[in-house]
């Protein structure tokens, strides 16, 4: 028995340490939406940095293979906040953002989100790109009654987590449909192959929808091959694909792999165009893909070619601040932050439910990545663009409406 | 022969038997046609020059190596192919030439490991029902240990008592709570014997128990070994390098050279055997000493 | 270093023998209730404590194999994954089910416990399978087999629709509470300590010290090795189940080789074979990244550096490991336990001849 | 049939590169009995050194033979230095300590390097992969049928470089004084020290050698797959380690055979089954090999002397 006493003591010590920073009661655990709505006495308002600052939180992958997504999003959000502060802030207060890395792991995302909510007492959370991580965050945000806007998680289930969860982008089924339609109607392809990333739910979703829609439209998917994120040698899959002699290859993966895939596709003798989704959108794609990726198409949230002055202003300011053309994630981050800021302005106070209601009322909001109207499922109803990869830049091809 | 052994004369069934055992490593014949019988009360010696195959013989007997040919029987059971711990459960315990204590464990725990391992298990079981009953006993044991049942506590006390007794016998009581690695060399050797006794063996195999000891310590040890044999009613087989010593205490000696048994018999007979002297001491010894000593 | 490596059971005690077995549990239950009540109000504390608890279970259970038995397993995350996925799937399917004779909350906890046990047993079965090769393999070869097993589990999960493939399982009910988690932490520690203090534990230590000698002394080394794998993976499975029910999303990315290494690091850092060492190391390494986060937050929310610093945590973590191992190669406590290294003013257990 | 041949060629091409990395694991394991988990990350650092050099040289020079030689030289020397530093400061102080401690520092170094290189601060490259410049301009050297089988110049060149490095290593280990010293240290470094062999220097040199080999291998890998990323060390390193174990860790030719076998197995899994099962099959194959031959294909489980 005495053997156990120190252990219990240690446990108690830890507990005591953990409890020092006790916070206002925030409902936790099961119950989720219902409990969250009743309570929540304005978690915002008082932030650790003082009452003249409204703190927002972002959780994103700042390390790992898709780090540019997290970093682009962060840049976009940062820009929006700077603009808002320059314009006098919200309700007479300055805005600030706190960013945490989730290492692309759901448990880290949940931990970071919980920390933002409880310790940093943010009024609202932005993020993440990868849907598994957004799902983990959504659970926590919903339970705590803190609104969350994901700039670019396209998996349908994310916003189904509850009424505090929003997104400012379209969803996977739509994107898969866009490319299927484009391939069938614009490119007039009859037989294509699919190469999907089995480590990414996003890629599998897109590939499934694309296959279904493309077949419905009378096309034929000759073969579906797969790879895993982080691979660097795709020759075996591409050799197998070459055998089926497709007219195009749908590769709904991330730019980090797609660029290399394009090079190796040309190497094994596949000269047909590649097609993909918004995961392609990064400056790095041009470097990784070189000439091999030119002439390929991908669906995206926005086009830098859009002559709209609002978009061009965003692009030039972004270039000035961070160098390089902003990708869709920067644009979506920017939009998400601006939607959030607008909602904060409109909200009657900074409590979770008030902000939630304000966000839910977003209608015809002029974002750089399309006009945003949130439907009753808290998803943005938006059109998608199809871009063609050129020499170091993308070219606008067409817009596909829902 | 001592009185104790004579009293047991009629109950002297063989406890350990090796019958024509050979073992090969690759092309090397480490042991050829090795035969030996140990009965209760025996104190046998196994000698030979370095590399003669003495330790190999021990390893075959205890199941570390499998014999290529021949048969080993312990307590009447054929043990070829059995694992060392199963053979140990049949009543065979050993020490090692290069001391192999559980170095980070206390002296007491070293002995308790051995005391326990004998345990309540079905000692000779190989069949399905024996395996099943062993498994059941095992689970019950774990459960008792986890629940700290009164039975477990009593058993633990009993184990401690046994181990303490063995330490006392070997004169190690004062080292009870010291880690084995911190013991002086001679005491480590004795602790190994205490540990071997913990498994309640019927035959004890000692691999160079006196190595590294001075003459006086060796003499004491030999007395102790005799005493152990009598008190614990053991058969003892000793490997020893020091001829003089072996000759002094063993009643029967087997001499190995290059894996082959070159001589066996009472000390006096072996001592006179020319082949032994040649093998053991080399021709030069013979020349300088002018024949058998 | 005259401290014995193994605890000697106390000779005398005021507690009647019949009670000793169950008493720690009886004491723990109200303490945990208090614990639950105190932490209930801070979700972040709850989350962090939950992660910590799971890490403690993982480290303490791995210590049974790596520390006590001296085998080298680096696939612990694989067992955790088995437990997490099996219990996760079960809970998802039983989400709508309630036991009619119990209140809903109680029924949920009963079903949760059931799911945990099933997950733990599945992991234990895998542990048995992985333990079997240990009949033939030693040291580094066994290590790579455990690593390979972990990776195979990950790939299987990633390719199985029932496990949600790459997206993983989401929407697992959040049944894990600090009470439940720390009850299991407590059980794990209790089991580990009681094994260490029993003849089974001594057999495991004997195997770690010298396998040949242990075998010669009648210890069924293969049997004990397999059993230590089974027990260790059972608790890893439980840890996985608990983990799945508070995150509450699991995907294959959470159970990689890197996670396994993190657990090994906890065990080695704490001192191989030291249960309390494993606990302290698990607590330390769970809090360290958050601590770094807090430290960086002090730099202010506006600076670009503060936004970038979250990325610096992991390299710093790596370097800290190097520094820690260089300064304390035997781990924090070596094979000793916390109370053996505490300063004199804390009364120690009596030992020696008494 | 043609496809089989193509897969065979591809498998051998990646196998030779695995082999060079696996050799590093095996050599270090040989002298120190340490699984150097940071080995793959050292390789990754070497590739970035080559990357930087290639850019410093500019497009003109890096295509030439001299340019390629310079890139390799810088990366290999740089990595030798890195290997030396790691050994000196992270492993040597722990030499007489339990083996696991050095393993943990190896993991620590691995984390520090692979996460450190993901930062975009200062000279560090940032997390996303970069395209590796085409230092060897890809040319198709052998074409059979209607591009049924294609052998690329870089495949042959890297095969030759890899084989050259292996032969040199074999010579070094079995024909030179240093090699003898290395083998002596591998046998028992304490005894070797008593025999007057400067064990510290031998071990340091072994580390430098294995790190340089890793850098060479990494460059070949980057040329093959045209990319470099901070995480490449983790993936390639793990595979090479598996290869070394398949061949019997500590056994030099074994590592090469193990790597070639692993390269082929992986290629065939990807080519004829599904790539997502590749890692599972690779590890399954490893476990199978170990169950049949517990010491790997060539290694012998040293029968413990009792």
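We call the chains A, B, C and D, going by the order they appear; numbering starts again at 1 in every chain.
By our rule, a contact is a pair of C-beta atoms (placed from the backbone, for glycine too) under 8 Å apart; a residue touches a chain by one contact, two chains touch by 3 or more.
Since the model is a prediction, treat every value here as computed from it, not as a measurement.
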Busiest interface, counted in C-beta pairs: A-C
Per Cα centroids, the chain farthest from chain B: A
Distance from chain C to chain B - Cα centre to Cα centre, in angstrom: 41
Geometric centre distance via CA averages, chain D-chain A, whole Å: 36
Centroid spacing, where centroids are CA-atom means, of chain B and chain D in whole angstrom: 49
Cα-centroid distance, chain A relative to chain C, in whole angstrom: 34
Per-residue multi-chain contacts in chain C, two or more chains: 20, 158-159, 190, 212, 308, 311, 314
Multi-chain contact residues (two or more partners), chain A: 62-63, 198-199
Sites on chain D at which at least two other chains make contact: 115, 118, 120, 274, 276, 279, 306
Chain C contact footprint on chain B (complex, rising order): 62, 64, 83-85, 88-89, 93-94, 96, 100-106, 108-109, 112-114, 116-119, 138, 141-142, 145-150, 152-153, 155-157, 159-160, 173, 176-179, 182, 195-196, 198-199
Complex contacts: residues of chain C adjacent to chain A: 7, 10, 13, 15, 20, 23-24, 27-28, 31, 35, 38-49, 51-52, 108, 158-159, 164-168, 170-171, 173-175, 177, 182, 189-190, 193, 243, 247-254, 276, 279-280, 283, 290, 293, 297, 301-302, 307-308, 310-311, 313-314, 338-339, 342, 346, 349
Complex contact set, residues of chain C against chain B: 1-2, 4-6, 8-9, 17-18, 20-22, 190-191, 194-195, 198-200, 202-203, 205-206, 209-210, 212-223, 227, 335, 351-353
Residue ranges of chain D touching chain A (in the complex, touch as defined): 3, 6-7, 10, 14, 115, 118, 120, 126-131, 138, 147, 150, 152, 221, 224-227, 229, 231-232, 235, 267, 270-271, 274-276, 278-279
Touch list for chain D against partner chain C, complex: 29, 35, 37, 90, 93-94, 97-98, 100-105, 107-113, 115-116, 118-121, 238, 241-242, 245, 249, 274, 276-277, 279-280, 283-284, 286-287, 290-291, 294-296, 301, 304, 306
